[in-house]
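Below is one structure, written out as C-alpha cells, with a few remarks after it.
In order of appearance the chains are A, B, C, D and E, and numbering begins at 1 in each one.
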Amino acid sequence: MLKITNLNAWYGEAQVLKQVNVSVDQGDVVVMLGPNGHGKTTLLKAICGLVEKTDGDIVYQGSSINGLATEKLVNMGVAYIAENRELFPYMTVLENLKLGAYAKAARPYEKENLEKIFELFPRLKERRSQMASTMSGGEAKMLAVARGLMSNAQFLCIDEPSLGLQPSLRMELFSTISEINRQGKTIFLVEQNIPHISDLADKIYVMEEGRISFEGSSEDALGNEHLKEIFLGM
Amino acid sequence: MLALKNVTKKFGELIAVNDLSFTVEQGQIFGIAGPNGAGKSTVYNLITGFYPYEGEIVFNGKNLSGMPPYKIARAGIARTFQIPQIFPSLTVDTSLNVGSRFGSGTGLDPAHVDKIIEFLELSEDRFTKTNKLNLMGKKKLMIGAALATKPGILMLDEPMAGSNAREIKALMDLILRINQEMGLTIIIIEHFMKVLTELTQELLIIESGSMICCDSPEKATRDPKVIESYIGDAYAENN
Amino acid sequence: MAAETIPVGVPIPMTGWAAGSGADYFKGIKMAIDEINGAGGLLDKQIEIIRFDSKGFEPEVVMQAADYLCGQKKVASIHAGWAGWGQDVRAYGKYDAPFFADDGSQAAVNIFKEDPAKYYNIYQTTDVGVEQAKSMFRALMALPYKYPNKKVVIINTDDSWGIEVGDTLNKSFKEKGWKVAKRETVPYGTNEWGILLSQIRRIKPAIIHIEIPSGQENITFIKQFLKKPSNSIISLGWGITPREVVDALGKSADGIVGEMPSGLPGPKAPNEKGQAWVDKFISLYKHQVPAGAWIAYTAVKAWANAVVQVGDAYDFKKVNAYLSKNGYEGEMGSIKWDKDNVLRAQAGAPVVHYQVQNGELAPIFTDPPLTPYKGSTFIKPPWIK
Amino acid sequence: MFSEDTILLFYEITDVIIAGLSTGSVYALMAVGMTLVYGVTKAFNFAYGDFFNMGGYLAWMIMFGLGLEFGGYPLVMILVLPILFIVGYALEKLLVAPLRKREDWENKVMMMTLGLALFLTSLYMVVFGVRMKSLPPILEGTLEVGQLVFAYQDIMIFVMSISSILALGWVLNNTRVGLAVRAVAQNPVGATIVGIPKEKIFATTFAISTVMVGFGGILLSQKWFINPNSGGIIMVKAWVVTALGGMGSIRGGLFAAFIIGMLEAFVGWFFGMSYSMIALFGLLLATLVFRPQGLMGKGE
Amino acid sequence: MRLKQMAIIIGVLYGIMAILPVFVGDTRFIMNILVMCLIWAVVASCWDLIMGFAGIFSFGQVAFFVMGAYCSGILAIEHGVPPVFAIPLAGVFTGAMGVLVGLPCLRLAGPYVALVTFGVHMALQPVLRGKIGLAMGSGGSVGLLTIPPVNIFGYTFSSANMVPTFYLTLLLSLACVLVIMFVIKSYWGVAFLALKDSPDFAMSLGISAFKYKLMVFALTSFLTGIIGAYYGHFYGVLSFRMLDLDLFSILMVMMLVGGLGHFPGAVFGAFIVVAGSEMMAPLGAYRAVVMGALVVILVLVLPNGVMGLFTGKQDRAEAG
C-alpha cells in the first residue's frame, strides 16, 4: 500500500531522515518505535506532505505522492493524526469533529462515524460544545484521535495517540485500533508504549538517529533482547 | 510545606477543582493522578497563580492567594508544563539564566546554572537554540530552567508522556536525584502507574475535581474506585 | 551649462493632502515661466524650475526645502503657493532670495513683524484671513437680496485659516445685529452632515457660511444640503475655489457664493489684458482659473520684472528693494505690497466674489472697494422659495 | 399636548438617530472586508483603505474613463467586482503567500501592506491626478416622512451594507466553506490535515475581502467622492470598528459600526463634531479595558 | 547578535557620520539630512525596541515624539524654561504618558494594543489644535513658531552654526541608541524575548510581564520624547501636521528596511531611508510610488532587512 524508498528529510540545514526505507502492506498494522527525537514524527509528516525539504520516493497505492499537498492526500484516503494535536482552538469539539469529515469521501459517513466516536470517547460527547483550546491535555488528545477517525480514511498515520491518556483509555484505544484494522484499514502507528504489542502489530520498525535500525515481525522484535529492554519494558 | 485548603475553581458551569484540600510535606515526592480532565493541570495552574480561585493555598506559611505568577515563582515554586513550553529564540544557556536571574530572587548565579547543566547532562546542547531540541531535550530544559530559580518545590506535569521504557527510567532516576541530591520537594502528575508507585511517597487521586483518595501509592492504586474510574481493569491486570 | 539658466524654486506639495491646491498654483507658475522662456528668457537666460515636494508642510520638510532650494540649488526666487502658516517665513527668512507665499494667515505676518529686516525677502501674495473675511461679509451684506431674517450659521475647519475667518465673520455679523445661531468647528474629512443639516433646517438661517479650504467637505455638504434645503444663502468662502467643487456639483451648485483672494475674474475679465490672460489659461489647461493660479503667475512676473530692472537675478538686495518699492504692473493694474510685505486686497489684485451660475464661477463683486462686477447679475439660488 | 419645543427636540433627536444609523451603515460597509481578512490571515492590512479606493477608481474608470456611463451601476458591478476578485487573488498569491511561509509572518505581511498602501496611494495620485473624483448617485431623490428626510442613496447604502454583512456572516457560520475558512484561520496545518486546501482558501478569502472592500468603495464613492489620500483614514475607521466589535467577529463588527455611528452622531450633536474622534477613542479604550477582546471577540 | 557585534556596527555607523561634516560641513542642506538621520534613528530604534523586541505593537511612537516636542516647546516659550532643562522635563513627561498609555495596553492582544496606541496618535491632533491645546500654549492650528534653540553655557546650537549643532545631535542620538543597545543586551532584553516566546513559561520563571512591559513603555516614550523635544528646538517650529500618516509610514519603513527586531538595523534603516528618500527627491510625485514598491519588494526579498544580510545565515538556519 505504501512504499518508501531512500527517503531523506531536512529541517533547514539539519538532516533528520537518512535513507529511510519502509513498506506498509494493505490491511496491516505497522508500528514504529524509536527513542525521542530520532525522526519518527518527521517520517509521518514527510509521508503526509508536511515537511518542506525531502527527497526520495514515497509511493502510495502505485502513485508517487512525494511533494503532494496534504489536502490532496486526504482525498486519496490518507489520514494523519498529529502528535501535537493540531486542533482548531476556538472551535467547539463538535465543529472540530465535523471538520474531520471535511474530505469528500468522508462526508456520507459523518453521522455514523460521529456516533461511533462518541461511544468510544463519551467525554467528547459530554463536552461537544466546549471550546477545544480549553480541553485538558488528555481530552485534547482524544479529540485529535477522534477527528482523525472521522476522516474514514483507508490509511491512517497515527502519531503517539496514547500520549497523556489515562491508563484505562489507553487500553481501550489500542483495542479500538485493532478493531479499525479488522474493518480493513491499514495503520501506520508511531507509539512508545504498547501493551501486548504482538497482538496488535504485524510488523515493527525501529528508528534510530533518522535511520531504520530494525525491521521485522513483532515476534522477531520480542525475541530481540536489546529491543525488549529499551522499548517494550513497560 | 505546601497546603491547599478547600480550593475550588469553576470555569463557567464546569467545576474543574472541587473543594480540594491536601498537604505536601517537605522532602516528599508527591504524586497526583486521575482521569483525563480531572483537574490535575488546573491544580498546578491555581498553585502558580495563573487563575483566580476560591479557598486558600499556603506555601511555607505564606498565603499565595492573589499573588501574580512571577511572585509565586520567586517565592520558591517552580513548575513544568504538560505541553512543553520553551523560548524558541533563546539558547539553552540563556533560558536557564533567565530562570536564575529572574526567579531565584538572588540574581544570576552562574555557578548554579553550571551545576544544573551538568546535572541534566545538557552541556552538549548548552548553546543551541531551544527550538532545535527534541522532546526530551525540551523537557529537560523546562526542568533545568525551573531548577535555576532555586525553588523549594518542583511541580512536574506528565514529564514521561511520549517516552519509551528506557527514557522513562532515565527520567525517573533524574527526578529521584533532584529530590535526594538537591533536596527538593517534588509534585508529579503522571499517568504511568509504574512511575507513580516506584517514585512517590504519597499519591493523590482526583476525579472531576474532587479527591477520591490520598494515600500511599500501593494503597491508592488498589482502591477499587480508582481502578474503576481511572486505571481500568485491563491495565490493572497487566501491571 | 548650469550658469546658462536661472534656477527658480517651487516648493509645492505634490503628494499628500495639499497636493490638489499645489497643482493649481503650479499651473500659474509654469505658465509664467514658459512665457518668459518663450520670449527669450530672463536676461537672456532660460529659467529652470526646480520643484520640491513640500508634502504636508512638516517642519523638517519646510526647512529642508529652503536649505535645498536656496542653500543647495542657489535659486534666484521661490514660488511656494500655500506654504504652511509661518514656518516658511522662518525657513526662507534665513536666505535672501525673494520668496512668494500664499499663507493668508496672520500668524505668518506676525513672524514677519518680529524682524522685518531679516524677513525682508518674504512676500505674502494674498491678504490675511481677517481681511478676506471682512470682504466676504461686505459682499454678503451687499447682495441684491432681501434676507428673511438675521440668523446665520457659521461652519469652519479647525485650522488657523478656518478659525481666523470664522472668528472674524462671527464678530462682523454680531456687530451688524445678526444672530449667530450656530458656530461649528469641524475637522477636515467631515463628510456626514446629517445632524448639522437637521439643526439648520430648524434654525432656518438666512445665511450659512462654510469656510473649509478643501473640496470634499464642501461637496458633501452641498450634496446633502440640497436633499432638503432651507431658505438660506450658501456662502462657501474660499472653499468655492478648488476646481472639484464646481466639477463635482455642476449646475446643482448654481446659486452658491464664495470668494477668491488675489483673483483675476474669469471667464469675463475686467479688461482686455486680463481677458487675454484668462483665455490663454483656459486654452492651456482646459478649465476655468482656480484660486491662486493668477497671483502665482503674477508673482513670477513681478519678480522677473524686478530682475530685469535691476539687471541681476542674484543681487537679492536690489531685487527685493525694487519689489517692495515698486510692486508690479499686472493684468488688472499695479499691485503693491504693504510695509509688512503683504499684498493687501487692492484694485490690481482684488478679492473676487463669485456665484456659481450655469455650473461655473461667475464674478459678482470685486473688493476693494466693493463694487458689483460689470454685467453681473446675482441670481436667487434655485432652492430658495 | 406637547409644546412646540418638545416636538422640535423630538425631531432633532430623530434626525440624530437617523444620522447615526446612516453613518453606522457606512462604517459597517467599510469594515466587513477587514473583519474577514483579519479573521483569516491574522495579519493587519494597511492597504485596506486603498483597496477601498480601488473600487471607486475602477468604477470611475468604467463610467468615465471608458465612457460606459450608459451601463450605469449594474454594468459597473458586473465588470468591477470580478476584477477586484482577480486583483485580490493575485495579490495574495504574489505578495502574501510567499510571506506566510516565513517565521513571524504576521509582521511581515503588515509591513508589506504598508508598502503596498504607500504604493497604491501614490499610484492613484499619479494615474488619476491629485484631485478627487466623484460618481453619480446610485439612486436620486429623497423620501420625506413628515419633517424627516431620507435620501434613497442612504437607504441603499444601509440596505446593501447590512445585507452584505449578514450574508458574509451567514456564509461563515452556516456553510462548509465558512467552516473551512474559520479552520484555516485558527490552524492552517490542522486545516490541511483534514483536507482543506489552505492555499486556495487563503487566496480566495483575500479576494473576497477585496471584493467586499471594493464594493464598499463603489457605494461610498457615489455618496462622497474618491480621494487618493483617503486610504489611511478609511483604514483607521475600519480598524476601529472591527476592533471594537472584536477582530474577526462579523456580528461584532456590525454592532460596533452602529454604536460608533450613534456615538459620533450624538457627540457631534451635543458637543460639536470636532469632539467625535476623542469620544471614539475614549469609547474604544473604555471598552477594551473591560473587554480586552472587543465586544464580541472570542479572545485568543 | 552579540553585544560586541552590535557595538561595532553602531560604532562604525556613527563613526562614518562623525567624519562626514569634514566633507559636507558647509552644505547646510546635506547637514540637515544628516541631522534628520540621527534624529529618526533614535525614534526608529525606540520603536524597534518596543515592537521588535518587546513584541508590543505600539503605534504611539510618533505621538510621543510630538508630545515631547510640544511639551518642551511650550515649556520654553510659555514658561521661559531654558531648553537644556526643558528637554529632559519633556522626556519625563512623555515617559509618564508612556506609562499611562501602557497601563491599559498590558491586558490587550497585539492588534488591540496597536489600536489603542494609535488612538493616542489620532486623538493628539484634535487636542493640540483645539481649545485644550490652545489653553496649554500649543498655538492651536498655527503650531509653535518661536521655539528657542538649545543654548549651553551661552553657546547657541541652531541651524546657523550647523557643524557644532550636528555634533551635539550626534552625541544625543548616540547616547539614546547606546541606552537602547544596553537594554536589549541586558536581561531586560532577554526578558522581552522570553515573554514574547512563551508568556506562561516566562512568568513561571519569575518574570513580571507587567513590570517589564510597563518599563519598556516608559523608556521608549522617554527617549522618543527627548529626541522629539530636541527636534523642536532644532527647527524652532512645530506643527501638528507631523501627526499625518506620512511620517508614521516612513518611520515604519525605516524599521523595516533595517529589520524589525534586528537592532541596530533601525539605525541603519533610518540612515538609508532618509538619504534614499532625499536622493529620490527629483522623482517628485513618483518618489512615493517608488518608495512603496521598494518596501513591498524589500519585504519579499529581504525579510530581515539590511541587518538580515549580516546575520542572514544564522537566521535562515533558525527559521527552518
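We take it that contacts are C-beta pairs under 8 Å (C-beta built on N, C-alpha and C of every residue); 3 or more make two chains touch, one makes a residue touch a chain.
Everything quoted here is computed from the prediction, not taken from an experiment.
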Please give the intersection of the contact partners of chain C with those of chain E. D
Of B-E and A-B, pair with higher C-beta contact tally: A-B
Chain at maximum distance from chain A, centres defined as averaged CA atoms: C
Euclidean distance of C-alpha centroids - chain A vs chain C, Å: 76
Averaging C-alpha coordinates per chain, one finds the centres of chain A and chain E separated by a number of Å equal to 51
Rounded to the nearest Å, the gap between Cα centres of chain A and chain D is 44
Distance from the CA centroid of chain B to that of chain D, rounded to the nearest Å? 49
For chain A, give me the residues that contact two or more of the other chains. 14
List, in ascending order, every residue of chain E touching at least 2 other chains. 126, 130, 285, 287-288, 318-319
Give me the residues of chain D that touch two or more other chains. 122, 125, 233, 274, 277, 300
Where on chain E does chain D make contact in their complex? 104, 107-112, 114-116, 118-120, 122-123, 126-127, 130, 245, 249, 252-253, 256, 260-261, 285-289, 291-296, 298-300, 303, 318-319
Under the touch definition given earlier, write down the residues of chain B that touch chain A in their complex. 11, 34-42, 82-83, 132-137, 158, 161-169, 191-194, 229-235, 238
In their shared complex, at which residues does chain D touch chain C? 8, 11-12, 15-16, 18-19, 22-23, 26, 122, 125, 129-132, 134, 142, 144, 147, 149, 151, 223-225, 227, 229-230, 233, 264-265, 268-269, 272-274, 277
Going by the contact rule set out above, which residues of chain D touch chain E in the complex? 38, 44, 95, 98-99, 102-104, 106-108, 111-112, 114-123, 125-126, 232-233, 236, 239-240, 243, 247, 274-275, 277-278, 281, 284-285, 288-289, 292-294, 299-300
Give every residue of chain C touching chain E within the complex, in rising order. 14-17, 19, 51-53, 55-60, 62-64, 67-68, 71-72, 84-87, 90-91, 94, 105, 107, 111, 114, 158-160, 162-163, 187
